[in-house]
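Next, two complexes with chain A in common: one pairs it with chain B, the other with chain C.
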Partner chain A sequence: MTEVAQLLVNGLVAGTILAVPAIGFTAIYAVLRFPNFTVASHATIGAFAGYVANTAGGFPAWAAVGVAFLVAGVAGVINDEVVLKPLRPSGALTAAIAAVALTIALENVIRFIWGNDLRGYALPLRRDWQWAGLRIGPQQVENLVIAAVAMGALFLFLAFTRTGKAMRAVADNPTLAGIKGINAEMVARLVNFVGMGLAGIGGMLLGLDTSIDPLTGFRVILSVFAAAVVGGLGSIPGAVVGALAIGVAEELSLLSLAPAYRTAVGFVAILLVLTVRPRGILGERAF
Partner chain B sequence: MTQRSHDLSRRTLLAGSAALAATAWAPRGAAAQGAAIRLGTLTPLTGAGGSYGPSMRKAMEWVVSEVNAAGGALGRKIELVSEDDQTNPEAAVRAARKLIDVDKVAAIMGTWASAVTTAVAPLCWESKTFLTTVSGSDTITQLPHLGYLVRTQPNTQLQIGKLGEFILSLKSKRVFVLAAQTPFAAPSQKRLSEILPKGGSELVGGVIYDKDKTTFRSEIDQALRAKPDMIYLNGYTPDTTVVLKELFKAGYTGAKIAQGYAVNQKLLDSVPAEVTDGTYTATPSPAVDSPGYKRLAKFLGAADLDPYSCQCHDHASLVILAIAKAKGEATGTAVKDNVRKISQGSGVKVDNAVEGLKLLAQGKEINYEGASGPCDFTETGDIIDCKIRYDVAEKGAFKLVKLL
Partner chain C sequence: MENYLIAMATFAGLYALLALGLNLVWGMTGMINLGLVGFYAFGAYVSALLTKKAGWPMPAGLLAAMLLTAAAGVLMALVTARLRGDYLAIITLGFSEVVRIVASNEIWLTNGTDGISGIPGPWRGQVSPAAFNLIFLVIVSAAVLVVFAALQRVRHSPYGRVLRAIRDDDQVAAVAGKPVIAFKVEAFAVSAAVLGLAGALYGHYTSYIAPEGFVPLISIYIVLALTAGGTGNNVGAVVGAFLVVFFLESTRFLTGGLPGLKPVQVAAVREFLIGASLIVVLRFRPYGLIPERIPRYATPEGR
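Right, the complex of A and B next:
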């Protein structure tokens, strides 16, 4: 019983962190209508930006997360303007393939600067808290709080600000939004900034508890994609639900599967959802 | 003005490409006087083995430059073509195809990860290209390689056998294995389960995990439930770093042992000492007292060499000497037929290719003993014996425990 409870705890923590880049991915999909796989490299960019802020700049973790958001967000806007935007008129598939290529290129830029070695954040390593046979790390709890705050801020932004409402309007119906005078191009830039910024936070949160290297983002892109598909591509609350589902499912699979097969959980989830309910758990309404 | 400078640059470009084309053709032009002997290196410049590959390649380049400076092998220059295997079987196969089909190398040297070697080996024996590797998995020499493969790394059977004896000497009673998914994960675990009971210890369980995951909390829970007093971490550096940190966080206080390629100085530098303190490492030891080792260490500018650079030094030397023994026939088959004639037996002992080439030219028999060890091979291409060095991590540095 404690085993299941422990797996649930691990899964919920993993899922909450996964939800952050998954929201970024799905928000970009909602507005621009293509799967932007550069979320992987922007997660890595965020992780390294946070790493530099933390180790060279002496920022504490929560402030370094802010740097990760800004740097990954700005990089996201630039990369989109220069590479992906000109290709979008050729269709979603073209843009998606270009995104895969771009993500490999960006990953190698990082490799060129920092090399392949693993890097750890300058944080004190603390023993886990143990309680009734369950354990949870202080860093995990901190990550959980940071992820929750980031998501909360995004929801407030989308629900109550004028720009947030404009973003939702474009996602729901671009033509109608255009008629109403919403500048779609500005919204595209904004969604790239916010989406990739969130990916950057996600990358850093993944690395905070372990370590980072140029493949940090690439390793989780399948889980991120699975979370977005399971929750409903384009639905932001869906991404959260999907991420929690994938996080918990990956952990619970250990009850009956050898850990080496855990990666298969994401693929199976995508397969199941696309077969049974292609619109995902919450459908594709953005918000 | 703009037009003119444009013209100029185009002319320069043309001249440049002509020069480039000339260099590209030069080796073929020289074919009449004995074409260069082409050899390939395939090392992990990126990926999990990325911290070893560059120095492995450097060691081979050095051997080649020494031989070329001394006039080449039988008067022919050696040309080295280097590729990156990315520690990834798929990328390695692409690179090997290029080396075999385009560069037409006689031998591919230096594959590191067992999965990479397993993927590349069939291409080599099918195209009669010789393969030298530093991979340790038992399954590699069991492949039907027809003799087109030797390795300088002790196999799992030899390594784990010795590791088991060392664990028994530490009086550990309950051993658990946390292994990354590799071709040697399962054979290692099986071998340990055979060895440990002989000394009154037992293997209480094992988990094989996917090394690309970012966290192994659940795997570690599984290990701790078995209440081990010794955990064997059979992975690579990236995943072992995470596992060590998580074992610390989970409050595990028992003993730990890992392979030296996984828990290396880089790992010790990247995590706090309290995480790694007391971790034992096992490393197939190069021949640290040999002249070959000392010269290579001087060239690479390091006091302590990793075993792979030493082994790669020997790969290049062995292949060049075998080609010279075959009277300059630069083919994989010639290397296969002659490599044992220069590496073992009663000939004059030599520790470098240049000296060996001189003796061969005088018609003498030689026995190469390199920087990594005696380099004597069984029929199937395994190394016959090897010393293993055991260290323990203390305050972020390694301390020698014993050499077995």
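Right, the complex of A and C next:
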């Protein structure tokens, strides 16, 4: 029983962290209507930006996460402006193909600079907390808080600011938003900044748990897709629910599967959801 | 030098098979497959395991590889057939990762990351290595010719016309009474079979397969081959495959001469160039070297 409870706790922590890049992926999808696979490379970019801030700049983890957000966000805007935006008129799938190529190119920029070695953040050593037989690390709790703060800030931004409302309007109905005078291009830049910034935070939070290398983002991409699809592609609350579901499912799979299969759980979840309820838990129609 | 050229021609043939398979779904039907390398790997493992561990003859292994890869394709196409193309993109990309995870972890079956060695090849060991390479080049060329002829036939047939109609607007095709989902699933299955065949041939050629031989970069090679050659065009797919092999080899020589770089950096420069060139081609030459020419048919009025 304690084992299951422990896995549930781990799953909820992992799911909360996974929700951050999943929101990024689904938000960009909601506005720009193509699956932007470069969340993988931007998660890696964020992880390395945070790594530099943490080890060379001496920032504590929570401040380095801010650097991860900014660098990944700015990189996201530039990459979209230069590479993906000109291709979007050729169709969503062409843009998706280009995104895969761009992810590989960016990953290799990181590899060129830092090589393939695993790198760890400079973190203070702290003892795990124990309570009723359950165990949780202070770093896990810190990551959980960072993820929750990032998501809370995003919800406030989308719900209460003018720009946030403009973003939701474009996602909801681009033509109508255009008639109301909302500048779709500015919104596209903004969603890239925020979405890729969140991917960067996600990459760094994942790295804080273990270590980082040029494939950090790519390794988690299947879980990110799964979270977004299970929750409903294009729905931000859906991404959160989906991420929690995938996080818990991945941990519970450890009861019967080898740890290496954790990410395969996401793939099975995608197949199941698309068969039974393609729009996901909270999404709109999927065809 | 001769051996080198023969080996490169064999690889170009394998890539041509992959590009032809991709052309059937992406170029002709407008469905995306971003997990090409997963199907390639799946076919390679099926045939390698059946011929090496179960002692099947090679043709039976190839056939089984094609059938099982097609079955995997049918599953994915069916699940996403009614949905927007984005879902197929996500699911195929996911599939390629799952194949790699399974191949790396089911050690009892696939020998894990150590890979499978000693995969039988036609007359391997009975003839000199040079002769074996030549024999294999002939086999691959024959496979390319057969697949090319068959797909060319599809392209010029009413069947191919329906596929193009689905690509351009699947609602119109459905209104015209075409069973769109059946067409999509069939096209995806045949394409997957071709990808599986290429993978199986690869395993028998190199005699060794391992999960790290099936990286996502290979999918990029193939999309690059098809896009550079001319999407929708079977000739373009084959020409593009040869161009890509030539390009890959030239970057090997060029980056080999870069002074002061560590091996990992040289590899990074090459992979970057491959990703970047696909983006450049998509941007500036979206129709490729040999753009698709849609076959024309005489109408009753003569035009």
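Note that in this section the second predicted complex is superposed on the first by the 282 of 287 C-alpha atoms of A that agree within 3 Å, B and C clash if a C-alpha of one lies under 4 Å from a C-alpha of the other, contacts with A are read in each partner's own complex, and residues count from 1 in each chain.
What we mean here is this: contacts are C-beta pairs under 8 Å (C-beta built on N, C-alpha and C of every residue); 3 or more make two chains touch, one makes a residue touch a chain.
This structure is a prediction, so every number in the text was calculated from the model and none was measured.
Chemist: Following superposition onto chain A, is the placement of chain B relative to chain C best described as a clash or a fit?
Modeler: Clash.
Chemist: Applying the touch criterion given at the start, work out whether A:271 contacts chain B, chain C, both or neither, answering first, second, both or neither.
Modeler: second
Chemist: Scan A:251 for contacts with chain B and chain C and give back first, second, both or neither.
Modeler: A:251 sits against chain B, while chain C stays out of touch.
Chemist: Check the residue A:37 against both partner chains and state whether it touches chain B (first), chain C (second), both, or neither.
Modeler: second
Chemist: A:85 in the overlay: touching chain B, chain C, both, or neither? Say first, second, both or neither.
Modeler: Once the two structures are laid over each other on A, A:85 reaches no partner at all.
Chemist: So in the superposed three-chain picture, is A:116 touching just chain B, just chain C, both, or none of them (first/second/both/neither)?
Modeler: both
Chemist: Where does A:105 make contact in the superposed view: on chain B (first), on chain C (second), on both, or on neither?
Modeler: second
Chemist: Give one of first, second, both or neither to describe whether A:260 is in contact with chain B, with chain C, with both, or with none.
Modeler: Both partners, chain B and chain C.
Chemist: State whether A:165 touches chain B only (first), chain C only (second), both chains, or neither.
Modeler: Neither partner.
Chemist: In the superposed arrangement, which partner chain does A:130 touch: chain B (first), chain C (second), both, or neither?
Modeler: A:130 sits against chain B, while chain C stays out of touch.
Chemist: Any idea whether chain B or chain C touches more of chain A?
Modeler: C
Chemist: Where along chain B is the clash with chain C: 8-16, 62-70, 98-106 or 332-340?
Modeler: It is 98-106.
Chemist: Share the list of chain A residues that count as touching for chain B in one structure and for chain C in the other.
Modeler: 111, 115-116, 258, 260-261, 263
Chemist: Going by the contact rule at the top, pick out the chain A residues touching chain C in the complex.
Modeler: Within the complex, chain A contacts chain C at residues 29, 34-35, 37, 83, 86-87, 90, 92-94, 96-98, 100-105, 107-109, 111-112, 115-116, 218, 221-222, 225-226, 229, 233, 258, 260-261, 263-264, 266-267, 270-271, 274-275, 278, 286-287.
Chemist: Show me the residue ranges of chain B that touch chain A in the complex, using the header's touch definition.
Modeler: 46-47, 50-51, 181, 207-210, 212-219, 221-222, 225, 237-238, 241-242, 245, 248-251, 266-267, 270-272, 274-275
Chemist: For the complex, give me every residue of chain A touching chain B.
Modeler: 3, 6-7, 10, 14, 111, 115-120, 125-128, 130, 135, 137, 206-207, 209-211, 213, 215-216, 219-220, 251, 254, 258-263
Chemist: Which residues of chain C touch chain A in the complex?
Modeler: 30, 32, 34, 75, 79-80, 82-87, 89-91, 93-95, 97-98, 101-102, 104-105, 216-217, 219-220, 223-224, 262, 264-265, 267-269, 271-272, 274-276, 278-279, 282-283, 286
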